[in-house]
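Which chain is which? They are A, B and C, in the order written, and residues in each are numbered from 1.
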Amino acid sequence: MTTELKQVSFPPEVLARIVPDVSLQRHLSIGLRPNLRNFLEFKPIEIASNENNLTTSNNNIFGSSIIKSGNTTVINTITLGIVENNANEKVEDDVYVSIYPVVDIQRGRSGAPSDEEMILSQNLFETILHSKLIPKKSLNIESYGLATNEDGDIKIFYPNNNETSSSSNEYEDFESQRKRYSFVLFSHIKVFSKVSTIFDLCHVSILEALKNVKLPRVYMTDFSTTKIVMKSRNSNTRGLVGINKNNINIDLNQDLYYDLELNGDGGVSSNFGAITTTNRSENEDEEPQQQTVELLADLEGEAEEATILSRVSIIVDKSERIKRISLINGDNNSEIGLDLLQKAIDVAKLRAKNV
Amino acid sequence: MSRKIEITTNEKTYFIEALKNGIRLNGRQFNEMRTPSNIFLSKDEYGYIELEWGLTKISCRVSSFIRKPFEDRPFEGIFNINCEINSMASKQFENGKNSDEEVLISRIIEKSIRRSNSLDLESLCIISGEKVWSITVDLNFLNFDGNFIDIGCFGVMLALSHFKKPDITIINGGKDIIIHDINEREPQPLSILHIPICLTYSFYNTSQNVEENIKGESDEDAIYLLDCDYKEDLLKDGSIIITLNKNREIIQLSKNGGIPIDVNILLDLSLNSIKFVNELTDLIKTLIKDHEQQRFTELNLKLLQVGADR
Amino acid sequence: MSFTVKTSLLENSDGSAQLITGDIKLIASVSGPIEPKPRQELPNVASLEIVIRPAVGLSGTREKALEDKLRSLLQAVIVRYKYPRQLIQVVIQFLSTPLTKYQGGAYSNHKDEVEYSNIELNAAINGCYFALVDAGIALYSSFASVCISLTEDHQTIDEEPEYIIDPNLKQLHKSDSHHVICFNIEDKKANKILLLESLGDFTEEQLFTVISKAVTQCELIHNDYQRKYITEKIDNDYVWKA
């Protein structure tokens, strides 16, 4: 006895789940992508206007950005740290530093950062560092204020505010023997409803946030000698040790904030993938026609992410200088050769100009 | 899932029988160590060594940087030992997961060297409360053939003796420092107060028909092997790790479960160890001395010496 | 560029190689195919476990990013369908890096470290090749990687930029961009780009010059070093056959 084998048909969304590669090929063969974009069409990115009140209403945030692309939202806040410079270290013009990004992809649970978040943070760090965007000089704290306490009234004296005051002599004394400090930038990136690779979005969000970073003035309170308790390792005796401490404070007066100087625009990041498509002829009886390798821009969605293994990510700035290329040919059949790389760079350049 | 090599009962019985007859399968005496071989002391880097000890291979690197001391210890430098074991050494060690064995190895090495104060932390202080040297030792186990503890401890001490930190000048009345390039001024060795040497003895209960965890009826049934290899390590019924230095001081003693041992035997083992401790301490000293001598002649440092030899 | 390679030096790994190139010294070990943990198992291909360990300190995000790049490369060169439901473990232990060499093992300050992790990626790829061959893992093709840095003369504009193959740390500090390019090699010819990591500031034209230079360099590595060491290895392994 034979049972007749019924042809099973799946609705498109089920098919995409079971065999993403077949679903993708079906879409591509009719000249469409599963997300209904054209092959070389990028997903639009909306950047919230600079005046978001994250920065103005929070004392510890010195720059921020909010970015939206489709359903994905990226919120980036920049905070500051202060480190001591080496005494005999001169800050040269051509030394550049980076920002320390912490990417946090929201999944409704907390815990140690996932591998994906760590890799993303590291790649962002290296990209910003090598694209020579942030000169070390611009983070150097050039002149400090000195807080003086006169009759319980605390005044902060800044040297370049041209106030003639009795404290200027005192200030020079202090200026000659103080230590040198500079700022470090930390970027906290929160990603909501992630649907695709988000390096590009995070990169935009860091650049946008950096553009509106305002650095505060820094002042020191008078040198104070504090006693601290210390124990000896070998016995139980405790003693007091005097230590010279001068406290560094950040002046939260927003009128005194100044802009962070950046070198260049940092570029625009675009990503592409390559996939082999078979052009099916109209006539079903004929053999499948020639295979071509197609370039898809801005990969998105499960089907594309799982199937396309040959990828390239390119950062180009407005003056057509390339800042970063990361290419991997993971699919032996759909290779990004020199011609496709060329094509990708051209598209990326065009996009950098128009954004 | 364990990637440990399972040893057959046959093999085990054979091994025990051999021990009963006073034979170790690797041909050594019960009380015999393997000698370290292929010791490589780096010539262009201070504090980098590689060594082989039987088939066990390790590499060890000492590095230093300047940082702020801990608040409650403004006079003391900072000293850390990293020894993670990964699957390169042996498949029994899982990557990114600290097995009990791995924790034990790093704990004992830490206890022997760091907590015995063998490195003078106060000599690492540059400006109290402001700047101290932080010394980090990275111990890498490349191949496992038993006895990671003794070999690791020896490697760390050799690397610490080999290490030199850049010379420093304090300027501006103690506010700032200049770090001299190692080519500009001869760097300074660390001040090592004593050299702890770990020795691991493994026990085997050779008497039959006895439950595990119980030593034999008579003392003759218990056998102690020094510096066991991979197979001996798998078959051991217990072990004791004694750390001593040349001053005949016990620095650390640890026995982690396994069959109980007789008090007298502990004393015997300790006394017996002194010979090996002397040998290994002298080995470190000669190796370093020869290396210094070689460096001195190769770099023609004699030309740079100032003042008359008196 | 020069390589010093020693293979089969670790008894507990199926394949191992020590590679010294420039200022980098590393040991790569490969174990596989072995039984994976249940969560690593893939039904139709081999899964890869890649661990990179730094010369100094514990591994962190920097190593994670390197592991990720190395994994995507190895996935493309290892014939993974030959080992379904199996695991291939790759461990790279860095022993010396340019940073440890230049400071003589003593860092003056941690924050002075400038990240050039790509030159470590370059060495890791080349070291991995010898370890994979030593372990007898099936590969689609040979592969070789090269690092090229590019320094532009900012005074004279029309001058050709300087291309340095296998730059050292000082040259990297001066450079405007650096590129790591890995080619697959079939029939002694560099065939296609498997991986390209470029960072810095460069033009499209410079990029393509770098790629064409990389072709000759990768072929050189393959013909001068990889073939030599593999022939030696086979001669030694089959010494009984003669």
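The criterion applied here is as follows: contacts are C-beta pairs under 8 Å (C-beta built on N, C-alpha and C of every residue); 3 or more make two chains touch, one makes a residue touch a chain.
Everything quoted here is computed from the prediction, not taken from an experiment.
Ranked by how close its mean Cα position lies to the mean of all protein Cα atoms, the top chain is C. Using CA-based centroids throughout, the chain positioned farthest away from subunit A is B. Averaged Cα coordinates give subunit B a centre that lies 32 Å from the centre of subunit C. A separation of 27 Å divides the Cα centre of subunit A from that of subunit C. Separation between the centroids of subunit A and subunit B, computed from CA atoms only, is 43 Å.
Among all residues of subunit A, those that touch two or more other chains are 86. Counting partner chains per residue, subunit B shows two or more touched chains at residues 179.
For subunit C, residues that reach two or more other chains under the stated contact definition are 108-109. In the complex of the two chains, the subunit C residues touching subunit A come out as 60-62, 64-65, 68-69, 72-73, 75-76, 108-109, 111, 114-115, 117, 140, 177-178, 192-204, 207-208, 211.
Listing the residues of subunit A that touch subunit C in their complex gives 83, 86, 98, 115, 118-119, 121-123, 125-127, 129-132, 309, 312, 320-332, 335-338, 341-342, 345, 349. Chain contact summary for the complex, subunit C toward subunit B: residues 9-13, 16, 27, 29, 31, 34-35, 37-38, 49, 51, 53, 55-58, 89, 91, 93, 95-96, 100-101, 103-110. Those residues of subunit B that touch subunit C in the shared complex are 1, 3, 42, 44-48, 50, 55, 57, 59, 61-67, 82, 84, 86-91, 95-96, 136, 138, 140, 142-145, 163-166, 179, 182, 187.
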